[in-house]
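Naming follows writing order (A, B, C and D), and every chain is counted from residue 1.
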Amino acid sequence: MHPYQTKNPDYEQEVRASFAQQSFMAYLGAELTAVSPGQVTIGLPVTAQLSQQHGFVHAGATTAVVDSACGYATLSLLPPGSEVLTTEFKVNLLSPAQGVKLIAIGRVIKPGRTLTVCLGEVFAVAETGAQKLCALMTSTIMCR
Amino acid sequence: MHPYQTKNPDYEQEVRASFAQQSFMAYLGAELTAVSPGQVTIGLPVTAQLSQQHGFVHAGATTAVVDSACGYATLSLLPPGSEVLTTEFKVNLLSPAQGVKLIAIGRVIKPGRTLTVCLGEVFAVAETGAQKLCALMTSTIMCR
Amino acid sequence: MHPYQTKNPDYEQEVRASFAQQSFMAYLGAELTAVSPGQVTIGLPVTAQLSQQHGFVHAGATTAVVDSACGYATLSLLPPGSEVLTTEFKVNLLSPAQGVKLIAIGRVIKPGRTLTVCLGEVFAVAETGAQKLCALMTSTIMCR
Amino acid sequence: MHPYQTKNPDYEQEVRASFAQQSFMAYLGAELTAVSPGQVTIGLPVTAQLSQQHGFVHAGATTAVVDSACGYATLSLLPPGSEVLTTEFKVNLLSPAQGVKLIAIGRVIKPGRTLTVCLGEVFAVAETGAQKLCALMTSTIMCR
């Protein structure tokens, strides 16, 4: 959408340090793959333990990675030492989360002093490398 | 809200069988604790691997259990052999998901042939047994 | 849900004064019918000018009244001179908004210093007086 | 997002005919300004009767036009004689809806046989012509 100015010269280091503290990301097997001001990408290899009853990735796992991507997209713009807290999100599940990997991209749409609004997209990557949008999130992040 | 009539005399067995196939629920440590027509409760013991950067349960884990609770509340009303698929949900995160356990309750608000709308609540249970509403979900479930 | 304590002894007067300034409520024909701490009810007579292409009340009109009901439910709890601003809402449309009147009830679910979360319900009232839940809102209100 | 193929050679005529039947659009003063396969634009001149208590356009009016834009973006792709029905939407209100005009753009993100998911944006146009994104909608439209 827009290029954003970060207020933190060490934004990438701060985002990576916070991500490393999210035990749940490690437990899911998620990896922080790219960090730029206002946009963060997280990869999630598809494994059997993430599945729901039809063998697709459970919407909760999909939500977890795109929520973290949106939260860190927000954190990447804030002054050093800030904290972020998701207050709400909505997810539309567009197609089955399947394949070899999910790629979650969180982007800031509207930065704010107190509240930041993000748009998150999750792509399902097939073995062939083909990508398909499988989930769309909008979320509000509180900044402290 | 309302008492609902189920179209499946073996609704509890069918819900429990499907829940057992959700590998992700087992991976999180979630347990199906109560099933009645149009309402399902799932318990999630709070463990370190579920946490985000502040030590609370990650919103993705909270969402996973309440999404499953809403999906199975829907399935509990449907004819034998039906399948459910969440098409969208929104979650408001009201207070930190912390304590010893989360209890997620999914309830059908509006059953339908094609789409069912559910309301989900997640309570955080403290060591004292005190419960606090920590998340509120509304979701749409597609029935097949 | 809960009984709430208001911080404004003149909450009803303040809510009614603000409602009277919402030109759009008057333009729709909406009336503020009940105000209590944390809960507000707005009635909307169904008229031809509110309709969408199938003759039902347009979702935008339904949303307008339940958004105002939630905003004023929030304002009813705040100190004198406060202001409220909706930051987001989601609406599930459960059945056609038709009949002689809509009744929108907004209730505070989680009051907060900065953000308050509300649940809103809209009932369609038939000529017989029968009521049917036709829309469900969750919303976040910012307080200033 | 994507270019979409419509199943209706007379999609524009059908969208315009249905829009003309939405009395509420005329009552608000909204105009259908552009129709292409999968994308529809509606303009809403800002008038005093649309305002909330701070003088901005009421979120219900903003929602009405972007909901109609998304619904007609969906209808534009469907076979002749189809009908659309919004089942849910979420709106994030990003900045005050003020100025001389609102422009609502609805776009299909994921077309489907039963359900279509749309993304809607509303821009507030200042007297200088400057545009600012003031609302973001995601919605699910049922097709019949």
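The rule is short, and it goes like this: contacts are C-beta pairs under 8 Å (C-beta built on N, C-alpha and C of every residue); 3 or more make two chains touch, one makes a residue touch a chain.
Keep in mind that this is a model prediction, so the values were computed, not measured.
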What's the rotation angle, in degrees and to the nearest 5, for a C-alpha fit of chain B onto chain D? 180
With respect to inter-chain C-beta contacts, which pair, A-C or A-D, contains the greater number? A-D
Approximate Å spacing (C-alpha centroids) for the pair chain A, chain C: 33
Gap in Å, rounded to a whole number, between the CA centres of chain D and chain C: 23
Rounded Å distance between chain A and chain D, as computed from the means of their C-alpha atoms: 28
Where in chain C do residues touch at least two different other chains? 87-88, 90, 92, 117, 140
Tell me the shape of the graph of touching chains, choosing from line, ring, star, complete and other. complete
Chain A contact footprint on chain D (complex, rising order): 90, 92, 94-95, 109-110, 117, 119, 133, 136, 138, 140
The answer for chain D against chain B in the complex is residues 87-88, 90, 114-115, 117, 140, 142
Chain C contacts chain D in the complex at 18-19, 21-28, 48-54, 57-61, 63-65, 67-68, 83, 85-93
